[in-house]
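In the two assemblies presented below, subunit A is common to both, partnered first by subunit B and then by subunit C.
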Partner chain A sequence: MLRFLVRRSLGAIVILLLISAFTFFLFFAAPRDPALLACGRNCGPDALAIIHKNMGLDQPVPVQYWHFMAGIFTGRDFAQGPCPAPCFGYSFATGDAVWNTIVDRFPITLSLTIGAAAVFLFVGLATGMLAAWKQGTLLDKLFSSASLVLSSMQIYFIGPIVLTLLVYNTNLLGQPKYVPITEDPVGWFMGLLIPWCVLSIIFTAQYTRMARSAMIEQLQEEHVRTARAKGMSAATVFFRYAWRGSLIPIVTIFGIDLGTLFGGAMITEVTFALPGLGTLSIESVLRTDLPTVMGVMLFAATFIILFNIIVDAAYALIDPRVRLA
Partner chain B sequence: MRRAQAAIVALTAGALALTACSSGAKQGAADDQSRKDAEKMRGQIAFADAAASKGPAAPIPGATPGGTIKVYQRDTYAHLDPAQLYVSDQGSLSTLLFRRLTAFNLDNKGKYNVVGDLATDSGQKSDGGKTWTYKLKDGVKFEDGKPITSTDLRHTFERQFADFITSGPTYVQRWLADSNSTAGYRKLLPGGPYGGKHLPKSVLDTPDDKTIVFHFKKPVGDLPYALALAGYGVVEKAKDTKEKYDKAPVASGPYKIQPGSFKNGKGITLVKNTQWDPNTDISRHQYADKFDIQFSVSYIDSTQRLMADNTDNQTAISFNNQVDAASLQRVANDPKIKARSTSGYQPYVGVMNFNMRRLKDKRIREAIAYAMPIQSVLDAYGTPGGGELAGSYISPTLTGYKNIDPYGKLKNPLGDVAKAKAILKKAGKLGMKLTYAHNTAVEPLKYSVAVADNLKKAGFDVQNKELPSDTYYDIIGKTDNQFDVYPSAWGADWPSALTVLPPVYDGRQIQDGGTNYALYNSPETNKEIDRISQETDPKKAAADWFTLGEKILKDDLPQIPTFYYKQVQLHGSKIGGAVNNNILSAIDPTKLYVKK
Partner chain C sequence: MFQENSARGHFAMTSPSQTAVTKTDTPGLGPDSATSKKGKNGALAGRSPGQLMWARFKRDRTGVISAFIVLSFFALGAFAPLISKFYGKDPWTRYGQTTPGLLVNQYPAGPNGGISSDFWFGLEPGLGRDVFMQLLYGIRNTLGLAVAVTIVSVLTAIVLGVAAGYFGGRTDYFIGRLIDLLMAFPNQLFYVAFVPVVTAIFVAPEDEIPFWMRCTILILVLWFLGWMSLARLLRGQVLSLREREFIEAAKISGASPWRIIRRELVPNVMTPILVQTTYMLPNFVTSIAGLSFLGVGLVEPTPDWGRMFANAADYYHNDITYLFFPGVAMVLFIVAFNLLGDSVRDAFDPKRAR
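And then the complex of A and B:
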């Protein structure tokens, strides 16, 4: 296990370095000058030169990259104040310390993704299993066709419809908002309920279909048949033998889906005006705000890679046949 | 002005003509109200004397104190340091937070004037407009209780020369330094006042604690307007932390920032500034206890919330979010929602540029102008309420505006293709290649089909070039751009064409990244710009600017106007005092109160 973790961590560092270099140099390949946004009106080359200097853009790009990456580990000093490690610099657009902004926004995205994952895993697996259990019945057909319809939906389509129906027209639920769980757990839950459900809809449908087919496959396995032949109850066979086996492909897909989930969170945050990392990443790209783009990109990538390692490690716990060497 | 990126502080006021040719679409009640309001203020904006600058402001009928107003805003305020404020959302915020030497005042009758804000009056000029003197009012204080003195005002203007101040207006600095360059004025006080250096007395003098004297090399007529810009809000010298001041500025207006409440992308809370004395302020009120401002709320989202008018949204408003284009029709047709709307002009005039370096024959430009379907352009911005067809380069909100239509565009807004074709044929240019460029934002994509279609019918071989929205102005701002026709918009910083004609039509300002997008250079126009810029009689200057604008349009035709931008905004049913302020081109935040 330890060797596995060391190997995967080293791989993760290489991936993160590649992502950082790719993002940084790609930014400068675009024909957009971040100084223009800070330049106000009647912006001439002389005015731009001053802003380039303020932003450190007057130095060669590789030097800027080196300073940026070194700053993450050693910290840097800026005119706006000292920036202790991990330092991603100060935002070009707002002058805020990027790390502070990320730390401030992360709980929103985390709440959104964890909640949505809980919803789609629970609902998706439950309906998938039920469909497998009642294979060929009306219930199975209903779940299967509903999942097909829902998986073709989009967040930006469903979101406003749900808002109009449940919030604006009927007042059944309040305006989606983020309240820290530490301040008001009920407010946190109620504020995120609609975003969770909307974000999870597309995933729920996929997981229903996946859980159904994995379960059906498992129910036809020999060890399940043996268990049945041994006279075990249907429930024991279903949950103890088949269910556990069916989780393997689902956990694999879940690991891959984390990136997609983050992408979905981005759209969900914009749809419901939740100021998480997704909204931040869109804002920073639109404002050509390099330090924030880099910060969010590296933070999200680290998070996704970390979760993938955890998911891989989790195989061993779910299926004793898997050995991490 | 980069409309998509940085809508410059919306400073408009003045006249509005009831053009017979408006879009042809139904005008809503809110729209009618905006016309009536504008009618009242038609004509010259007065520079107020001491009597007209004395506080307090007349109470808003029915207004009661207390309550919290929720404010939905799309964008986080990029800056809070007054010297960095320029764009329109910052302009609205700064009205509540920071006082300046002068201010635009909208009274309860809908009349605008420039009053003394920190100063006792709008300014005393002497020496033919080269010297302007301001005296500070008694009892004006910062939020920490310290009195505002001429030392703070001197510092406020001197720090504008520091290299870290890059986003605010540069008018006063350039006039003081007598420099036209976008950064050359900084040489007058390199690095600002932080090394203990000051501007010489011959430039900026503060003979006592209450007096500030500006000395310019050339006559300046528009100083009272310029000093009212958000960017010239007062900064407390003792609390100036340079770059860090952007995160913790000291307020002087009726509200202050609740410490620690500003969160990028999330929001900011404003609470009452107890040191603000209403008796010193003619242009602001302090009714609500608190403004709870939430960022990252899109136009569509704020429109939905305010149309619903449920729960919290009843006491909600947006300072700067407009009704999204797709909802304009519903707002106009639903009397309940319409009653909670305000509307007015923005300072922008949309135009189609003709690249003067490529389209040298005026007949070609005329043919394009006649063919241009300006109605289709306007319709893309939403009706009713998205704008009004334009006949002039100068907005109806600027003093001196007259309704003109030299190319008959208002009578034939869908374009006169037959006439265009006849002109082109006469010029022997039928079938000539024409590159029409536009950006890929929703609106240009909508109207460009009609534009290209009309140009084709008029006999041009049209090449359509779609440019990315975020770099659009950078691309068309290149002096060697390879396009013939391309749209842009420009707006005034204050209700005088001094902030329109020089930046857009002065040929000596042509440079990469410049704002003379048509690359128009006429020595005669340049000379006239210099002459009118020094005119200190506002009435005469306004008339002369308009004459010049009309002459450029008729004789040289570097652009054809398309429409004057307008906006519609909504507010909750328990919000009182919501009126459109044409200077802010948004709801006036200083008049708002929560209905009991």
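And then the complex of A and C:
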């Protein structure tokens, strides 16, 4: 297990280096001067020179990349002042340290993701298994067709509809907003309730379909038949044997989804005007704030890779046949 | 594919490539799938795998209906200019502003977003354009882009996947690592971030970006992370196919690797290719719409499906009708396409009964 984790972590570092290099060179090696992009339309030569100096853009790109990567681990000194250890540079647009902005915005994305994941994992698995349990009945057909339609929904379509129904027309709930949980747990919960539900509608539908088909597949396995033949009750077989086997594909997908969502649920955050990482990245993209985009990109990629490793390690715990060499 | 679970192809800008819903398709429908031919007068008529598939597909009512819906969307898109001529309006004219009385305080005067016999789906709040025409041309542009990305991605997946599986060794290793690397990209963020960057590489900031250039950039960026799951799937299939006797026979009879790939391998993996394509295309549609919603897709005045949602976001407090038509159209299209995908898969796989 330890050897597996070490090997996978080394691989992850290589992949992160490649992603950072690819992104960096495309961003900064473009024939266009990134300072010019940063500066916008009304940009005088003075402002340009300041940006150049601040960003170290007067040096060749590989040197800039080296400084950038070294800065992440050791920190570096900019004209604005020193930038301590995890240094991703300063934003072109606001002049804030990119790392501080990410740290500021991340709790919002984290709250959104964890709440939604709890909802869709629980509800999705429960309905999926219920549908598999009652396979072929009216209930199964109802769940299956509902999940088919709901999984084809778009957040930017149902989000406004839910807001209109619950907020603007009836005032049942307030406008979605983020309040730190440390300040006001109730406000945190109420403010994020609508985004959680809307984000999880689509996921729930997909998890229902996945859980149902994984469960049905498992119920046809030989070990399940043997267990039944030995006289175990249907419930025992269902929950102790088939359930465990059906978890494997779901854990994989759940890991991927969680890793992706931690990097920012862009559409949801934009739809509900929540200032998380997703909103930050789209704001920075529209302002061509390259250092911030670069920072969020690496941050998000780290989560995706991290969760891939966690998923592989989790296999070994769920499925005793899997040996991590 | 622009749903938040993007990483697996449903957007979450889900890129189809990472969706890799590996359907276990049997590659056995190839040249040796013993279609018995006993002559024209014999009791048994020979039928090609394609004919068998078609016969099974025709019996599947859900599949036929969804195929009909999907085809209607493509037809509506393709004939949008013709429909525009008969309908008498175009998606660019601001009817609400040129004709007094249609818009009051930015919002359509009539009930339900101004639906009338003149404006079937009502008027756009603010600019007062015709919603029916906007939607039609939006579908046209979005589907056109999605088809282009799908074709390019599938071709890339065939070339790289089959090459990796057939040649093995170092080729396989490098293509495999490339796929691993691209899979680790946060694809939603990648699409959003790279559309402006790639645009900046090709077009000077002071220049107007031509329409075809925007389309090319969108196709390029979506393609970049769009081909991996199919390529990985094909690699696996080819890996097992290349050990089979008919490949050996072809090799012994002196066929070149290119000929073996073209004439022996690719026909045998057509089933997974077709099935995966029907899953990829709707994902690309939602991705493109998601990009437009976030503001990095096609821009005004080009009519665009996804941007209608972004426009609707400014007005839905007072006029939800404008959101309704593009939304329902998209749900209908995606549901129909997903059902079609399932039916195609079932039709190709005789062992799988619904």
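Following the convention adopted for this analysis, the second predicted complex is superposed on the first by the 293 of 325 C-alpha atoms of A that agree within 3 Å, B and C clash if a C-alpha of one lies under 4 Å from a C-alpha of the other, contacts with A are read in each partner's own complex, and residues count from 1 in each chain.
Following the convention adopted for this analysis, a residue touches a chain if its C-beta (ideal position, glycine included) is under 8 Å from a C-beta of that chain, and two chains touch if they have at least 3 such contacts.
Given the structure is predicted, the values throughout are model-derived calculations rather than measurements.
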| item | value |
| --- | --- |
| Touching partner for A:Asp312 - first (subunit B), second (subunit C), both, neither | neither |
| Contacts of A:Val149 with subunit B and subunit C, given as first, second, both or neither | second |
| Which superposed partner A:Glu217 touches (first subunit B, second subunit C, both, neither) | neither |
| Which of subunit B and subunit C A:Thr164 touches, first, second, both or neither | both |
| Contacts of A:Leu286 with subunit B and subunit C, given as first, second, both or neither | both |
| Subunit B versus subunit C as contact partner of A:Ala93, first or second or both or neither | first |
| Touching partner for A:Ala47 - first (subunit B), second (subunit C), both, neither | first |
| Touching partner for A:Met297 - first (subunit B), second (subunit C), both, neither | second |
| Those residues of subunit A which subunit B touches in one complex and subunit C touches in the other | 31-32, 36-37, 160, 163-164, 168, 270, 286, 288 |
| Subunit A-touching residues of subunit C, taken from the complex the two chains share | 2-8, 10-13, 18, 180-181, 184-186, 188-190, 192-194, 196-198, 200-201, 204-205, 286, 289-290, 293-296, 309-310, 312-313, 316-317, 320, 323, 326-327, 330-331, 334-335, 338-339 |
| List of subunit A residues in touch with subunit C within their complex | 15-16, 18-19, 23, 26-27, 30-32, 36-37, 148-149, 151-157, 160-161, 163-164, 168, 199, 202-203, 206, 253, 256-257, 259-261, 263-268, 270-271, 281-282, 285-286, 288, 293, 296-297, 300-301, 304-305, 308 |
| Residues of subunit A touching subunit B in the complex | 31-33, 36-51, 53-54, 79-81, 91, 93-96, 101, 104-105, 160, 163-164, 167-169, 171, 174-175, 270, 273-275, 279-280, 283, 286, 288 |
| Of subunit B, residues touching subunit A in the complex | 1, 5-6, 8, 76, 78-79, 86, 163-164, 166-170, 181-184, 186, 242-244, 246-247, 263-266, 294-298, 300-301, 304-305, 307-308, 310-313, 470-471, 474-475, 493, 503, 509, 511-515 |
